[in-house]
Structures are given as C-alpha cells and as structure tokens.
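Right after this note come the structures.
Each of the next two complexes has chain A plus one other chain: chain B in the first, chain C in the second.
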Partner chain A sequence: MMSAEAAATVDRASTGKMQRSGSSGWSLTAAGLSVVCLVIFIGAPVAAIFLSSVYQDGWTLEAYRDFLSSPRLLTATWNSLLVAIGIAVLSVVIGAPLAFGVARTNMQLKRIVRATMILALISPEFLLAMGYILMAGPNAGYANVALRAVFGMQSTAGPIDIFSLWGLVLTALPNGVAFVFLALTPALANMDPALEEAARLKGASALEAIRDVTLPLMRPALLAGALLAFATSLAMYGPPEMLGIDVLTVSIRNALLGLDFASASVAAVVLVLLSGIALGGQRLMLRNEDRYRTLGGKAFAPRRIDLGWATPLLTALAVFYVLIAFVLPYGTMIAVSLMKSIGNGFNIANLTLDNYRVVLSDASIRKAALLSVSLAASAATIVVAIGVIVSYVILRTRFAGRSALDYLSILPLAVPGTAIAFALIVIYLNWPGNLTGIYGTPTILLVAYLARFIPIGVRNGQTALLQISPEIEESSRVFGATEFQTLMRITLPLIMPVVIYTWLLVFILAIPELSASIILRGFSTQTISTSLLSVWNGNGGLAVACAYGVCIFVSVSLLFLIAALVGRRSALMRGFTIG
Partner chain B sequence: MAAAAALSAADTVQAQDLRLNDVYKSYGNYEAVRGISIDVPKGSMVSLIGPSGCGKTTTLRMIAGLEPLSSGSITVGSKLLSDATGAVPPERRDMGMVFQSYALWPHMSVADNVGYGLKRKGLNATDIERRVSDVLAMVGMVDHVGRYPSQLSGGQQQRVALARAVASRPQILLFDEPLSNLDAVLREQMRFEIRDLQQKLGITSVYVTHSQEEALALSDKIVVMSKGLVVQSGTPAEIYERPKTAFVAGFIGLTNTLTLNRLLSDDQMAVGSFGAHRVKASGAAMNGETQQFLVSVRPSEITLSAASASPTAGMNRLVGTIQTVVFTGGIVDYFIACDGPGQTTLRVQTTPPARFEPGAQVALEFDPARTVVLEDQVNGKSQ
Partner chain C sequence: MPKPGRVSMKLTRTVTALACIFAAAPAFAQEGPLQIYSAYPDEHMKALVDGFAEQYPDVEVQISVQPGEQLISTVELELRAGRPQADVIGLNQASIASLQAAHSAFAAYKPAGLEGVRTEVLDESGTSVPACVNLYLIQYNTNAISEADAPTDWAGLLDPRWKDQLALADPASSQSVHSFLWFITEHLADEGDDYGWGYFERLAENAPRLERSHGTIRDMTASGERPIAVQLLANGQTSANRGDPTSLVWPSEGSPGEISSFAMFEQSDNQEAAQAWLDYIVSPEAQAIMPDALGCAPVRNDVDYTFPDGTAVSDVTIVPVDADFIANEREAQVEAFDQAFGR
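And now, the complex of A and B:
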C-alpha cells in the first residue's frame, strides 16, 4: 500500500485534466438534448391530452360527464372496441395458421404470402379502403354487381355492404393478420424442433404435438401480435372515415371541427388508455419472452412437417388472404384507374392512361407530393438523429433516470395520430405554444410526425447499439479517441446500415400519413394523403383518385424494397460486428 | 522513483510504476472491489487472477479509466489518474489494452486498426505507416496489413489486437483475459509471444486471467483476488510454494489440505496430529488459542511406498488405501483414503508407470518443508 508521504508527492497539478466521473461534455449535451426533445415532442402532447380533459376554464370532470351522457360518443367507443376486437380475433384465426404454414410446413405459395404480409403492413390503410369501396359498395361495387348477375338477384343493392362494421373489419384485416404473422414466424422458425420430436417420441401425433407443445410455446408471440393488431385498429382513421363508421378517431376529428375541445379530449383519453392497456399487455408478453425462449443461440433448420390433408386447406387460406389483402382491392383500383368512364366497366374501348396523365401533371397534386416528401425527409432525418442520441444516452451513459427516457420514447406508440394532432392543436393554439406561430403551417405537421415516429428511431437505435459490443467503443477510448470521436468514427459507421434503414422506414411511413395530417393541415397545405382524399371525395373523380392511389402504392413499395435491401446488408453487418 | 524525470519525459516510452491505493468500487449495494492496493513496478508484468466475479476485470477497467472509483486512488508515476472525485478519461491515459473479445473495429483494415491510436496522437501518415508495419512485423502479421478483422482467424485477430495495443508505445499495457477465446495450443503459443513482447518493450503491464497456467508462465508477480479483495500477492514461486490460504493453494495448482490437531508451534513451524500420525509443517505463527489448523501439500510432493516399507527419516508419513488410479499420459493420479479422522482422501501424482493397484495399502511420505500451514480458520472440512 502507498504510504501517506508517497501519496502527498502525487502531482496535484496534473489533476486539472481529471473529469467528473461519467460525464464528459458530450454525454451531458446528449442527455440534455434527449430530455429536451422527448419532453417537447412526446411529454408535452401526452400531458396536453390528459390535462385538457380535466381543465376547461378551471379543474372539472364536466367533460367526462358529458362524454358518458352522449349516445354518439358511447356508440363510437363501442364501435371502436368491437372493430378492434373483431380484427384482433380474426387476425389470429387467419394469421396463426398462415404463420405456422409458412414457417413449418410444406404448403405452397410461401413467398407470395410473406410478400403480401409486408405489403399489407407498409401500404397506407386508406388505399385498401378505396379498393374495397369500389369492389363492395352496396350499389355499384363490382363484386356486388357480379354477384347479383350470377345469382339473378333483382335488388339494386347488396348482397355485400362494405359500409358496415363488418366492412370496416374486413378493410383493416390484412394489416392485423400481418402483425400476427410477423410476430409468430420468427418464434416458430427459432423453435428447437427437438421439443416437438420429444413429444412425438412420447406417442403424440404430429397435430397433437403442435397442440400440446408448439401452441403453448407460441402463446406470448401470438398474444403480442393480437394486441398489436388491436391497438393499430383502434388508432386507424382513414377507413372508418371513408366508410362512414363512427369510431373514436373519427369522433375526435368531428368534435374538433365543431370546436368541441372537451369531447375531443375525453375521446382522446379513452383512446390512449385503451391502446395503452393493449400495448402494455403486449410488452408484458414480450418481457416474459425469456421463459419461452426456445433458441439457444444456435441456428436450427426447422424441420418441415407434412400435415397431410390439412395442407391444401392452408394453401386455400393463403390464396384467400392474398386475394383480400392485395389482388382484389389493388386489382380493382388498377382496373378503375385505367377506365375512361367508371360506369362502362372493364373493356378495351374504355381503357385509357389519361388518369395517370392527370395525376402526374396536376399542380396541386405535385405541390402536395412535394410537401409530403420534404416533410417525410425532414421527419426521417430528425427521428434518426434523436433516435441515435437517445439510444446512446440510454445504453451507453450512467445518468440517473435514463430508463425514464426509454419509457417516454415509446409512449407515442399508444397515442393514435388523431390524438396527437388534437394535443398539438391544444398546445400550439394556446400560450406559450402559440408564440412559435407554427399552427397552421407545415411545421406543425413535422412536429406531429416526429411525435409519431420517434419510437421507431429510438427502438432501432437501441437494437443497433446492442449489437455493438461496448468493448468495441471502449477500445477506441483507450487508444486515444474522445467519446464524441468514438461515436463518429466507430459507432456511427458500424450502425450506419440500421440508420439508413430506419431513415427509409420513417420516410415511407410519413409520406402517406393521414390521421394527424388531416386534422393539422392548414387551409393551403395539402399532403399526399389529404389531397388524395379530396380527389376521392369528388374533386377529381374516382378514376383519377385510383390512378393517384396506384402511384402512391408503387412509390411506397419501391422505397420499401430499397429499405429491405439496406436492412439485409445490416443483417450481414450483425455477424460482422460480433466476430 | 524520480517524479521530475518522469514528468519531463511524458511523451517518451518511459516505464512507470502503477499503483492502486485502497481502491473501492461498488455498484449500488454490490461491492465489486473492496479496498485493494496493488503495486506494479515499472517494466514488470503483474497478473490479477481469481474466479469470475472476484473483481479482477473491474479493477483492470478502473486502471483503464473505463470505470470510476468509489474511493481510493490510482496513480502512474507521480500522476494521479483516478480517485473518488473524478478520473482522467481513458483517451488521455496513454495506455494500450488487449480486450477479451479483441474489440477490433470490423469496418477498418488491419492497418487502420493498428494505426488508430497513432492517428489520435497526431502522427503524420508516413510515420504511422512505418510504425504500423514495425509492430505488425513484431507479431508476424505484416502480410495481412490490408485485411479486415472478419477475414482473420482468432489467433490472427489476437495478434492484431496485440500490435494495436503496443503501436503507440503506451506507458501501461493492459490485458483482459486475452487468450480465453483461443484453443489450447494457440493459447500456449501466444502466452510466450505476449511475455516476449512485453519484456522486449519493457512496458509496465497488468494481465487479468482466470488461468493459473497463464499467470504462472507470464508474470513477475501474481495477485490472487477473491470476492473483491486481494488474498495474496507475490512471485509465481512464492504463491505456488507458500500459499496463505486453502483458496490460493487450490486456485494456483492442485493441492491437498489436511486438518491437524495442534500439538506445538512457533514462528517457523508447527506440529499437529492426524489420527495416530504426527505431521510437521512449516509456516506462519498461529495464536495461542488455535486448536486445529490446516496444512496444504501438493499431490506431486507426496511419494508413495508399500505400507510395509520402513519410514524415511525426517519425512511426514501417513498410511492409506488406494481407491482409484487414473492414468493421464504424463502423470499417474492416485486417490487414497487415509487412515485417520474423517473421510480424508488425498490425491497423489507420480510419473508413470503406476506401481500400485486399487486396494493396495500404501505409505504416503512428504517433506515438512513442503507442507505449508494455511491461515484459514478450520471448519472441520478438508478439500
């Protein structure tokens, strides 16, 4: 041990270089920046929703009393719940067998099913609604016309009415099925087939082994997928609006149009609480994942099961899904987009490309596209930057309360776009938000997009950082780089593929954003989605709207293809960084 | 040590003493390191060894500046690096480190990895290039200068990591279980290369390991740690020949422990009874109330003879029955149930051929000078 005298000879002058533990200038800046961004973009809107429901010219529960005595709002709540439950249940019924079929059996059409699931997730919900309305509208819907002709019915309406709760469920179903499917397939693919084989050796048949071993193991993933489908169904705005179904999101907008802020706030609170409960449940399922973790770190080649007579049934289910999620609605939309006159049906004389010409040359559409693209690009850039910084603070620094940042950053997942839009109106119409003057400008749309998409940035940022062993960064420090130099030269280059992938993902999701945009846009600012709806609602005709919709769908799909390629590169990087 | 000279020569490769003074580290309620003091004389190689969770890696990370201290201090030469109030950040400590996972940067070539620290120091491109090929030549990797880490084998990555650690001629070199990811043959080879390089460059080094072979082969001094404390430190020979506790004796090498009833003792030696036998051992003084004490004797220090053979003068002698004989190539392992209190089984290692069968009655003889009194309190159990 060093004696006291020896300690006294320690050169105190050189201690001027010492820093307080764990807080270099850069990490302090990053933490400060994280707190400020998350409070402004997430904390404030969420607080505004709850506060405005109990404070109108003073603290009061009046708004809740009014809500409970309003048949319309209660019906809307009930409708929201019915639709969300219906979608969650049906998503499991269709999604689970398909996931099993694709991951573990010898069924046909696997690639097509997988591709359709991904298309269903990225394609804007209102496009499917357009396709369904054209196809199954009670009077002129092509499916109805055809069915009436086939069965010789005399009526002028039906037999299918898409403008109903069931119609809404059907419209949003492809999306819900995709959530369940994508939650289940990795879990199924990673399951050690020995677990099933052990059951077979004990005398279970193939199907019994699935029932007794596979299904219980898949339960958390299944529930997580269903709860996600439930929450996104609650949050959807486009389809119920277009189908004329009164749900909570639509009520919020209607209340705002009537300047009834009290009703809007309570509707928003109810919506946030419902999706909060669902997503809380989903996280709980995934937290217990370890208990159900079947993957021991090595890759299995999952054994394919021959289900015998059940295989054609699965294939039929796959065909059904591909039809309702993609072929029928988009087929109808493409067909209509090529028609001179909608009433004249599908024939060569009625074919034209004029609708596309109109879309591509229309000044207001071009303006809307430009606005959406620039908003989406700005949102993606800021989201990625905030995502990296916040993830860094959460995972690589020792600040107290950094787990609070983690929770704050995922909060918006439970706040539907309409509710965020409402909150931003409350904040930026009143003091002190009104001092910014962003209400009614494109900037408020940007703020809404940030609130909606920051969770994606932070989550992907954390996933990326978790892949990089801290030693990789620590070695850079030891070899003479500051914390900030290490971030720029080591960490960022290594997570760059994930950064690019995340940027593209947010860009793709922000371009057709509807539920917040439609509430927040100013009189002269149209985004792609709102301008499409106004074309659809009569400004330009259904055929032009369809051509417009097809253009959006194709662009979004192409962008996603690029993102997926980048994502694949990052999967390669993963093996790379660990080695 | 001349503080003034060390300071004026801050930039040159001037070996420096590294000192840890009563260092504590706690995470919440968990005390990872509970007050350790370690001297690493300049130019020497000191190993920290202990089971996982003993605090050795935490200690190394504190030396590197990657962990703040709860209390105590760390100094190099006359310069204070860390204490409870703060720390010189890792990038300003002028240290080199070899990580357990190598921690090579996968997006940089071998040359860029090795040259990174030089670039941070502000060397110009030609100097960097020359220095990089110099150190790569030292570790025999000069042909791989343009490769990427993912294109190298584990052993090659290890050599690059070593080259990177010494490239900037650091004052202190740190090793965090650098060989634990290599296979046995490569591990032994790299052990010698590391020792060779360290001695050639004369860099003050700290080497963390859980392998006794590595610690014995590499170090000028071994520090054995357990539960956040230093249990014993000394040269490899001291640690091996005079372990202070059963833990040290068992962790560094194989050992047998015997519980003896005290008959008499002084500063140099103690005599105790083991059943009907008297065993004499060398070692530290014990306090007057001690009734029982532990001694350690290595399996290779015991010689076997037939029970009927006449005793050798001056040797401790026990009698027992051979239970198991295991032949492992260069060594024959006997497990012998001894006549005496309890169910004491002793392990004895001899060179082949095996001279006794299971069931044979044998006499075990061992030198009192090689029978070491341990400081542990007796709780009635032998190893």
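And now, the complex of A and C:
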C-alpha cells in the first residue's frame, strides 16, 4: 500500500500540468476562502504564541530570561522531555515486537492485540490515568496492595508509585505503543519476503534475518511511530495534571491561573518548538520512505516466520500489553464505579449503581454532554468543508500560495491544545479579537477545535482527491460543466465516503478534547472532559468519576465502531490519517 | 452514489446550519436563568438550589462549578474581556474581596434577614453575603490509623511517621487553603518553632501530596491512598454522609474558619433573581439546611448546629481568618509556600 504522502508526491508531479485550472471565479473564491480560514484558525494563533513571548508593552526578551532563571519551569521542560523520550523508547520496545508478531508470526491473540491498540488510541488519555491512579497509588492502589500480599512485602507503600515520572510514562504508554504498532504493521505486512529469504539462504537464522534485514527496512516507519508518540506525549495535559507532575502543558495552565501571560507564552513556544522538531522529523522519515520501499508490481504475501521459542514470549508480551493497556485500568474503573464508598472496598455491602444514576440524571453532566456533542458535530462539519476546499485549492488549482497553504494547514499538529487555548485567550481578549465577543462562549471552543483538527480534514481531503483520476473531472469540463459544478456533481460524490469517515473521525476525537477546553472553560462551556475532571477533583468524587468515565468510554467506542463500519464500506479509506 | 443535485442541496443546507451555529453560539451565554459560578461542588449546592426553588419557583438556577483558584482566574479573564458570564459567584469571603479590589466587579447588597447573622462574619464592605463558616480540621482514615494514633494538633502532622501519608491542598490552585496558610504563618507565628513558615518547611519533609482541590483529598483519605489530611469541614461532612471510613480531629491550636460567601456581579442582567438568591442564603430556612448543603456551620445565631462527628460547636476553638490579609497577600503567600516546598 502506498502511503498518502508518497502518493501525493507522485500524483502532484504527473497530474499537475493538465489538471490545474486557471483563475476561474470559483478557484479564486476557494483560494480566498482557504487563505482566510487558515489565517484565522491557524496562522493567527501560532503568530500570537510567538509574538506574545517577545512583546509585553514593548519588544523584550524578558520572558525568556525569566523562563531560563525559573527552576520550576526548567524542571517542567526537563520533565516533558524525559517523559516524551521515555514513552517513545518504551513504545518502540513494546510496539515493535508486537507489530512484528501480529504481522509476521504465528503468535496467539492477534485480533485481541489489534483491538486493544485501537481502543488505546481512541481512549481519552485522562481515562487511563484515572484507572492507573486507582490501581497503582503507592499506599492503597489495588495493584500495589495485591503485589505486597503476593510477595509478602513488609513495606506499607509501593512497589509501584504512579505519582512519579515513571508513572506518567506508564499512563501514556498504551497510546504510544499503538502509534508504533499502527505505523509498523502495514510496512511489515507489505514487505517483500525475498529479502529475508535471501538472508536465510546465506545461512542466517530467523532472528538474524530479522535483525539484519527486516529491522533496517522498518527503520523509517519505526522512527515515524516513535516521533509521533514523542510529540503526542509532549502535548498531553490530563495525566500530568492528575498526577501532579510539572510538565510544560501544566506550566502553561498554571501560568494562566496566575494570569502570567509572559511565562505561559514562553512555555508554549518551547513546547511548539519541541513538537515541531519531532513532527518535522517524522515527516522527513516518511518523505524518504521511497528509499526503503519494497513494494513492487508483483503480488506476494510475506511469509509467516516461525520464531520457535520466541513465539510464546511474544504471546506473553501481548497478554501483558492487553492487561496493562485495557483490562486492568478499565476493570479497576468499573469496580470503583460500583462502590458506595471508595474506602470500604469491593464487597456486596458496598455495591451500588447510584454512581451511574448520578451521572445519567445530573443536569450539568447532561448539559456538558450536549455541548460536547454539538461542538464536535460543528467542528467536524466545518473541518470537513475546509478540508475539501483547501485540498482542492492545493491539488487542483494554480493558486500561487498553495504550497504555503499546504504547510499552514498541518502546522497545528505541532501546537498542543494548551498552547492553542493560550493563543486564543491572547487574541480574543485584545483588540480587535475582543470585538467578536466570543471569549467565554462556546464559539471560542469551536475555534480551538477547528485549529486542532483542520490538519485531519486537509490531509484526508488531499489523499481522497489524489485517488480520483483527474480525467473524470476533465471529462465533465469538456462537456461544458463549470469548475464548481464539476466539484459538486463529480468530485464531491466520489469522495463522499472519505468525507463521512473524516467527519466521524473528527467528531470522535473532538468529543473528549480536554487540553484546550479546560483552559477556555467558562459558565456555558463545560464539556464532557472538563466536567469529568471536575467530578474527579471533588465535584462528585472518584466513584462517580469512574462511572462517568465508563459511560464516556462506551460511547466513544460505539461511535468508533460506527466510523469503522462506514470506513470499511469504502476502499478509499486505506491510507487515511487518524490524527 | 447520491445524485449530484442532492449533494449540492445538502451542502447548501450544511453551510446554512453552520452559519446558524456560529451566529447562535455567543447567545448561549446570558439571559434567562439565574447563573451562579460556584467553588462549592454541585452536590453541596443542590440542597440550596432545591430550597430556593420552593421559595422562588419561577426562577431557574444554573450552576457552573470550578475549583476556587481556577474560578478566580476564569472570572478575571472574563472581566478583562468585558463582562462576567454569571450573575452570582460563590467563593470564600477573602477571594471575593480580592476580586473586588482588582476589578470592582460586585454590587453591594444588604439582604433581608442579614440582621440575624453573627456580626463577626459580616463583610464590612457589604459586597459579599456570608453563607456559612467552613473550618479546617484533620481528617484521617480509620482503617489505616487508630483513634489513639491520630495526631491531636496541627504540629502533630510534622511527625516523620506521616511521611508519604499526608495530603494538603495546593495554594496555587485552592483558594480555601490560604486560610490555613494564614493561620499557621500569621496567627500562630509567635507560638514557637513548630509554626510560621518553618511549619511548612518541616511539613514538606513529610512529602504531602499537594492536590488541586479538597474534594480529591477527601477521596484520597477515604481510599487510604493518603490516609491523613488537612481538610475542610464540608468534606468531612460529605464523607460522613457517604459512610466513608474516616474520622475528624479538632486540633488543639484551634481551627481557622473561612467564610463561605456569595456575591452579585455588578453587570448581572438578572439583578432581581440574584438579590432573591442572596436573601435566601441568609434566611433561617437556608441556614437550617446549610450543614447538609455546603456542609459547614450556619452563620445565624438562631440555628442549632453540631459538627458531623457529634462535637458541639462550643467545644471547638474557631479562629476567624483575616480576610483582608488573605486577599492582599495571596501571591506572596504562594511564593513563600513554593519556597518552603522547594519548588
């Protein structure tokens, strides 16, 4: 399977000349609309982050000096880096063998591993953190109590301390492993087995062939997955906030709590630069993928390898991952959600369904759910519309600034939600943004969600357009249809399955959005995630929060199932991005 | 494949719907119901809202809860943007005074029935209306700590045996804990080496977990994860209602009492309903349910009350906090606390 970006390179070169239209009215309108949307939703926030770090009542580098002399902020930066590196490395250590096992060996539990990877990817990060805190709190965490009992340990704390940097790594690991796994499995499944066979014929063992042939071929996909895990770990907010660990996203939030805009801006700049470097690296890896491409015109299926004694080890790793990433955290949450008092343990007298009753009957939770659903639906619709229009301008017109639009549209991938929220506060509290009056209303959340999710719309839009042969559109033009009519009557119906899939994807990702929502929340802007965090932080308590979390997880999973079914109906879905 | 005409029509409809969403979104914010920003949890506010509805059935009340310090920053940003998004705010007296000093955001109001309220809890400026007195005490998990082993005073928390067992609210996130900071660093400052900022330097050696809110601390104590904590009476009351395995200690040095209050925004579109709420808060009816509602001690003289563990009010040394000091020194106190905790 050809990746979206590689396909883009080939098709752009071959189809550009004949297909790109001149400056028709529609082309100009579409280009104008694209520029306005991307500048408002992406360009302005990114500029605001950088500008506010060097401009406070005049140009100054004071904020950077303060940052460099603040032990707390430097510790936060160091923590962010350590955690992101830890997650990236461990994701490769766990994700790569699992991907190899599932794609190329006869290990057991393949389907369960795949399903767990998907669940880890769609699980809101703070839900897993909740499960882990209850499971691995050093004094009373259920796993710690069990381990102390099983191994007869005398101490009253540990052995696992979730409230540590390692604990934070653990909470985000399932997600990182899933990134590496999903980056590697298609590459492994499409590899030409002749390369490995040649090594075996020369006398290499199965493991030596993997080490000397397979691993080097997989390096780009492996690095791309690891860098994505690194960047998403830098951007996470919920788990470090819940564990009480200073990282850059939490520093931005803390600085804003004290209305210290200067510190918030520098923390945001540092975060954006670190994410930018990682994502730039990831794109570079994928761009050079052709160098490693092993897919020719000949059809083949990679041979299954019998690893002998190593196969049960892979199965054991799979069991470990499924337990850690899904069964234990969600099992703990379900158990706690059924308790009257969290202090009285899991026994019949302490069982209740009241926590679910509270969640399902609470007016503010209902209101938050309604707001999240409407915001997610609005964001998904606008993202899809912007995605189609911008992709059209980039791929099918001669608009001079189209490559700038291309870069601008993916920029938010490097801007964590906390940084976007900070930028929107700066823009919409000051002239002329304050004239819109959207600060404190749901509209500002919508603007934040658009900034976060436009890259998905544009990337999927481009991949969809690239898969439609330009001749079909040309025929329409030959028979007298205008460019706009061709888009509406020919192109849009053909890419409709992708449009629907992208809509559902953005909808699912937007529903539990936390990092921007928490910073922008006001009276009418409590969303599912901010209200859940509020319940966890005492406005209801841990047991109610667990019931709430279970409800969110079930809803998001059902929605994903629908998206997957819709996606499966269309062969076009292959190669589309999930985030 | 859908017919092309239909797609075009659907797109037009979608665009129209989007335009409506954009146009309608800012209007979600104001008008209609009485909107109350609250640092008190929903479950604490519910009894008050129900009681208010009995007296004012025509007024719909909406509550939006955020931990105190976060609520202060939310409101500060909204005030910078031009107007607050609520009619009334529920915070402690010191925090309301601090917001008032910075923004003059609240309207003075003297509710009917204020004459029945104890004078020592009244706000001289007339901006905030006292609802109840929330006291600091020690809460501990009875499965992990026996009554005999539990400390009897604040200084007892400095004992090394409580290392990794304690929880305390983070003054960077919690408005209430500033009352406790004032009590230890100002009120008890002259009582020896066990108090003043030295207290927090030694407390830091016991590595307490610094949580963003007292509600989280309540659950940490109930679960045994942090079996002993500096806690607010309101959460002790909630634990008692839930049947958590916890108990309370009234420290011998006394308990700082912060005044849980409400105030009405100057810019409220719903002044009449806001005033009705403030009238209700000090009414004998609301004060009678205050222990079950906000979980703290009523402010009227004519309402009987005993603490959730059965202790009589007269047996507890209640120390009214210096709201002015807390309002004015908030930032300096946070800095000094950070220094004591080496962060």
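The rule is short, and it goes like this: the second predicted complex is superposed on the first by the 538 of 579 C-alpha atoms of A that agree within 3 Å, B and C clash if a C-alpha of one lies under 4 Å from a C-alpha of the other, contacts with A are read in each partner's own complex, and residues count from 1 in each chain.
The criterion applied here is as follows: a residue touches a chain if its C-beta (ideal position, glycine included) is under 8 Å from a C-beta of that chain, and two chains touch if they have at least 3 such contacts.
Fair warning: this is a prediction, and the values are worked out from it, not measured in the lab.
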* Asked: For A:D57, is the partner it touches chain B (first), chain C (second), both, or none of the two (neither)?
  -> neither
* **In the superposition, chain B vs chain C on chain A residues touched** => C
* First (chain B), second (chain C), both or neither: which does A:E471 touch? -> first
* Now for A:P493: first (chain B), second (chain C), both, or neither, which partner does it touch? -> both
* Between chain B (first) and chain C (second), which does A:D306 come into contact with in this model arrangement: first, second, both, or neither? -> neither
* To do: In the overlay, answer first, second, both or neither for which of chain B and chain C A:T482 touches.
  => first
* Indicate the residue numbers of chain A shared between its chain B interface and its chain C interface, in ascending order. => 490, 493-494
* Would you tell me which residues of chain A are touching chain B in their complex? => 1-2, 7, 9-12, 14-15, 17-22, 24, 469, 471-472, 474-483, 485, 490, 493-494, 573, 576-577, 579
* Quick one: in the complex, what on chain C touches chain A? -> 1-2, 4-5, 7-8, 11, 14-15, 17-18, 21-22, 25-26, 28-29, 35, 37, 41-43, 62-67, 69-70, 73-74, 76-78, 80-82, 85-86, 141, 143, 164-165, 170, 172-173, 209-220, 222-227, 235, 238, 242-246, 331, 334, 338, 343
* What residues on chain B touch chain A, complex-wise? -> 3, 7, 19, 21-22, 37, 39, 64-66, 68-69, 73, 75, 78-80, 82, 85-93, 95-97, 99-101, 103-107, 116-117, 120-121, 149-150, 164, 168, 174
* **Interface residues, chain A side, partner chain C - complex** => 71-72, 75, 134, 137-141, 157, 163, 241, 244, 246, 254, 256-259, 340-344, 362, 364, 374, 378, 381-382, 385, 425, 428-429, 434, 437-443, 446, 488-490, 492-494, 496, 521-524, 526, 534, 536-543
